[in-house]
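The letters A, B, C, D, E and F name the chains in turn, as written, and every chain counts its residues from 1.
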Amino acid sequence: MGRFQPFHLGHVYVINEILKEVDEVIIGIGSAQLSHSLENPFTAGERLTMISKSLFEEGTGKPSYIIPINDVNNNSLWVSHVRSLTPPFQRVYSGNPLVKRLFTERGVEVVTPPLYNRKEYSGTEIRKRILSGEEWEHLVPGAVVEIIREVKGEERMRGS
Amino acid sequence: MGRFQPFHLGHVYVINEILKEVDEVIIGIGSAQLSHSLENPFTAGERLTMISKSLFEEGTGKPSYIIPINDVNNNSLWVSHVRSLTPPFQRVYSGNPLVKRLFTERGVEVVTPPLYNRKEYSGTEIRKRILSGEEWEHLVPGAVVEIIREVKGEERMRGS
Amino acid sequence: MGRFQPFHLGHVYVINEILKEVDEVIIGIGSAQLSHSLENPFTAGERLTMISKSLFEEGTGKPSYIIPINDVNNNSLWVSHVRSLTPPFQRVYSGNPLVKRLFTERGVEVVTPPLYNRKEYSGTEIRKRILSGEEWEHLVPGAVVEIIREVKGEERMRGS
Amino acid sequence: MGRFQPFHLGHVYVINEILKEVDEVIIGIGSAQLSHSLENPFTAGERLTMISKSLFEEGTGKPSYIIPINDVNNNSLWVSHVRSLTPPFQRVYSGNPLVKRLFTERGVEVVTPPLYNRKEYSGTEIRKRILSGEEWEHLVPGAVVEIIREVKGEERMRGS
Amino acid sequence: MGRFQPFHLGHVYVINEILKEVDEVIIGIGSAQLSHSLENPFTAGERLTMISKSLFEEGTGKPSYIIPINDVNNNSLWVSHVRSLTPPFQRVYSGNPLVKRLFTERGVEVVTPPLYNRKEYSGTEIRKRILSGEEWEHLVPGAVVEIIREVKGEERMRGS
Amino acid sequence: MGRFQPFHLGHVYVINEILKEVDEVIIGIGSAQLSHSLENPFTAGERLTMISKSLFEEGTGKPSYIIPINDVNNNSLWVSHVRSLTPPFQRVYSGNPLVKRLFTERGVEVVTPPLYNRKEYSGTEIRKRILSGEEWEHLVPGAVVEIIREVKGEERMRGS
C-alpha cells in the first residue's frame, strides 16, 4: 500500500523482500483520484503502468495484483473499502501509522516493511529533484523514466 | 470493459479473440462500487480475482491489466475517468451503446467484440440460474466456481 | 433498522417485543438523506422526532438510541458505516434481506423481528391512505399524527 | 426551472409570457450533471448554449440569467442549493410538483406557468421524434437545430 | 453543536447551564464522518455513546437529542442540512464564528454559551495530554474514560 | 476562469482586454461550491450577480457567458467537467499554473492574461481590507459595492 508518486527503486526492493515471505502480493495504489499536484503529480493509471512495467523488468516473476484505491474521506470505512476492491489478504505491509492503526483495529496483521536507503529512495526526495532539475533518473526503474518522459511529467511538475 | 457479474466463458472467448489482434489488453471492471444486489452480486475485488485466476488457468499468457472502474454518475466525465485509471489505449472493445457513444465522441476507435453463444454465456442468464438453483457451473471457468463457493455467492444471491 | 416512513404502531409493537429481550435498543433511521418523495415523504429529523415522542408516550421507558443513517451507495461499506455511527451492538433486528445478508457476512447475528398485522401496519399502506385521503391516523401513535399535521405532511404528499 | 432536453418553442413561449410580468428572469437548468442518456441527451453546456442563442434570436431582449443546477440527491438541501447559485429571486415559475412543494415549504411564491400546445411542444415528444427519425426541427428554435447538428445529437441519441 | 473530541466536563457544564434556560436540548455532533486522526480521534458512534452515558450519569434528567451531523463541504447548504436531521429548534448555542454566521444569516437566534475554565476543559488540551501521556482522566466524565479505554483510544492516538 | 472573491476592477480590465481579441467570452466562476470562509466569502450566486451587473455597467456590451464551476477534487476530470458546463471554446485565459497545465495537456491553447496593478487589484488585498476595516470600495465596480452591502458581506467576513 503506497501512493507511489513515483514508483522507485526503494519500492522495488521492498516488494522483492516481501515476495521472499509470501507467494502473492497485492499492491494498492492509494489516493488514486489525485494527480497533477506537487505532492501527487501522477494519475493512478500512470502509476499502475509504472509499477506493472517495472515489476516485469525487475521483479521476481511471482504474480501480483496492482489495484487503484480511491480515498474515501472517512477513516471508518477505509478498511472495508480496501477489502471490497482486492482479493482476500491476511497480512498488510505498511509503514503509514494511520494505515497500520486502521487495519490493526480490524484484527488484521500489519508488518512494517524494511526500508532501503530511505533518504534517497523516497518519493518526496525524487519529486524535489524533478522540480529543481537535479538528477533523479538513477533512483527509479528504467520503465518509470520512460513513462515520466512520455507523459511530460517534468514539465507537468515544473508548470512550464 | 464489462461488469463481469460474474466472469464467464463468453468473456474468456472474447478476450482470447481480442488477444489475437493485440499484444496487451486492459480489462475494465465497470460499476466497481456495486455489489450484494441481484444485478450486481459480486464486489470489484471478487470480480478481479475471478478474472485474474481464470486468465491464468485458461488465458493465452499475454499480459493484461485488470482495473476496477467506479461509476461517476456524470457521463461527460466518464471517458476522462477511465483514462485516468488505465495505461494509454488506442482502441476500445465494447458492445454497450453508451460506452461506444462516449468513446466515439472523444475520437477513440470502438470495436464491437464477437459474441459467443450469447444466449447461455450471459451474466443475466447465469445470475438467473444461480438464483433459481439451476446448474450454472459449466458456464464459467473453474476458478469462478471456486470463488463463488468461497464467498458463499449462492446464499448471498438467494438471500438465505 | 428501518426507514420509518412514517413510524407506526407496528414499529412500536416490534420495539416493545425487542425490549423484552434486551436492555437497550439502537434504532437506525435508514435512507436518512431522502425526503419529500412519495416513497420517502419525511426528513430524518421529522422521523427522529416521531420516534422519540412516540416512545416517550408509548414506550417501556428503557433507554434507546435513535440515529439517522445516510445511504452510502456501496453495499460493501454499509456495515462499517453503521458501526461508525452507533454504539457497539451484538445483534441486529431486521426483516430486510439485504440488511440481513450484509450483517451476516460480517459475522453479526441477525434476527427477523416479529411483525404485527403487517397488512395494515405498514408504511406503504399508510402512505397510500394519506395520498388517497383515507383514514390513517389510527395506524400511528398520537405523536406521529401531530408531527405530520405540523409539517403539513398530507399536503406535501398530495402535492397540493 | 427545467431540464431543457432540449430547449423548445414551448419554453420560448413560456419565457416570453413570464417576461411580460417581470423585468428579469433566471433560467435554472436542472439535472445539469446528466447527459448522453435517452432522457437527458444534452450536456448542461449544450443546453445553456441552446437557451442563450435562442433567446438572442427570439427573445424579448430583456436580461436573463441562465444557470446550470446540479442535482443534490437530498431534497431538503435543494432550495438552499438553488439559492446559493443564483441572484436573489422572489417568485418561482414551475409546473413540477416536487419543485413547487419544496419552494412552498420555504415560503417562496410559486406560479405554474402557462403551457402552450403541451402535446407537441414537449421534451419527451421531441426526443421520441429524434429517436424514431420523425421531423422535430419545427418544434425548436433555429439555434437549437444548429447546435444539435453540431454535436451530432441525433447520432448520440440513436446510438449509431 | 460541537465536535466533542472528546466530550468533557466543560461540555457537561455548558449543557447544564443551557438546560436551566430551556426544556429540551439538541446536541449536534459535528464533522461526524471524521475519526482516527489527531484532531478527530473518535467516531461519531463513540462520541454519541460518550455524551449519552455521561448525561445519564451527570445530567439533569431533562430530555435531549444527540444527533450526528456530517460535514457537507458547502457552507450554503449547512443550515438546511442541520434542519433536515433535527427536530425543529428556535435557538442555537455555539461559540464557533462560522456556525454563528450561517445561522444568523438565516434569521436564527444564536447565543454564545458560557465557557467554564476554557484552558483545561478543552478538546485540544485533552488530546494533547492523551498524546503525551499526561493525566487527562479528571477532565472528562467517568463514562468517557471508560469508553476511551474500551476502544483503546490512547493507543489509537499515539499510533502504537 | 477565476474565483472572483470578489469581482474587482482588475478583472474588469482583463475582460475588456480579452474582448479586444475575441467576440465572445465565457467567464467560469471556480470553486463555485465554496462560500462563507475568509478565502471564499461569497456564494456562486453572489459572484455571478456581481459579474453580471458590473459588466452591464462597465463592460463593452459584447456577449458573455457567466458559469459557476464546482470543484471536482480530481484534476484528471476537471477539463471534461468544464467542457460539459460551457459552450465550446478554443482558447483559455488563465494565470493559474494548474489550470494552464490541465488545459495544455488536453491540447487547448492557454494564454496568460495581462494583469493590471496586481498589488491593489487583487482579491487577497481586497479581502484583507474588508476584514481590517480599511477602504476597499474604490477597487471594485459600483455594482459590487452594492451587492456586498446587500448581503452584509463585511459583517459576514468579520464574523460580527
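What we mean here is this: a residue touches a chain if its C-beta (ideal position, glycine included) is under 8 Å from a C-beta of that chain, and two chains touch if they have at least 3 such contacts.
Being a predicted model, the structure only gives us computed values, none of them experimental.
*Asks:* Looking at chain B with chain D, do both copies bring the same residues to the contact (over half shared) or different ones?
*Replies:* Both copies, chain B as well as chain D, present different residues to each other, with under half of the numbers appearing on both sides.
*Asks:* Averaging over Cα atoms per chain, report the distance between chain B and chain C in Å.
*Replies:* About 37 Å separates the centre of chain B from that of chain C.
*Asks:* Between chain D and chain F, tell me the centre distance in angstrom, where each centre is the average of that chain's C-alpha atoms.
*Replies:* The computed centroid separation for chain D versus chain F comes out at 26 Å.
*Asks:* Spell out, as numbers or ranges, the residues of chain C touching 2 or more other chains.
*Replies:* 35, 43, 74, 76, 83-84
*Asks:* Every touching chain pair, please?
*Replies:* After working through each pair, the chains in contact turn out to be A-B, A-C, A-E, A-F, B-C, B-D, B-F, C-D, C-E, D-E, D-F, E-F.
*Asks:* For chain F, which residues are in contact with chain B within the complex?
*Replies:* 72, 74, 76-77, 79-81, 83-84
*Asks:* Which residues, counting only chain E, touch chain C once they are in their complex?
*Replies:* Chain E residues touching chain C: 32, 35, 43-45, 48-49, 52, 56, 63, 65-68, 70, 83-88.
*Asks:* Taking the complex as given, what residues does chain C use to touch chain D?
*Replies:* Its residues touching chain D are 33-37, 43, 152, 156, 159.
*Asks:* Name, in rising order, each residue of chain B that touches chain D in their complex.
*Replies:* Residues of chain B touching chain D: 73-76, 97-98, 100-102, 105.
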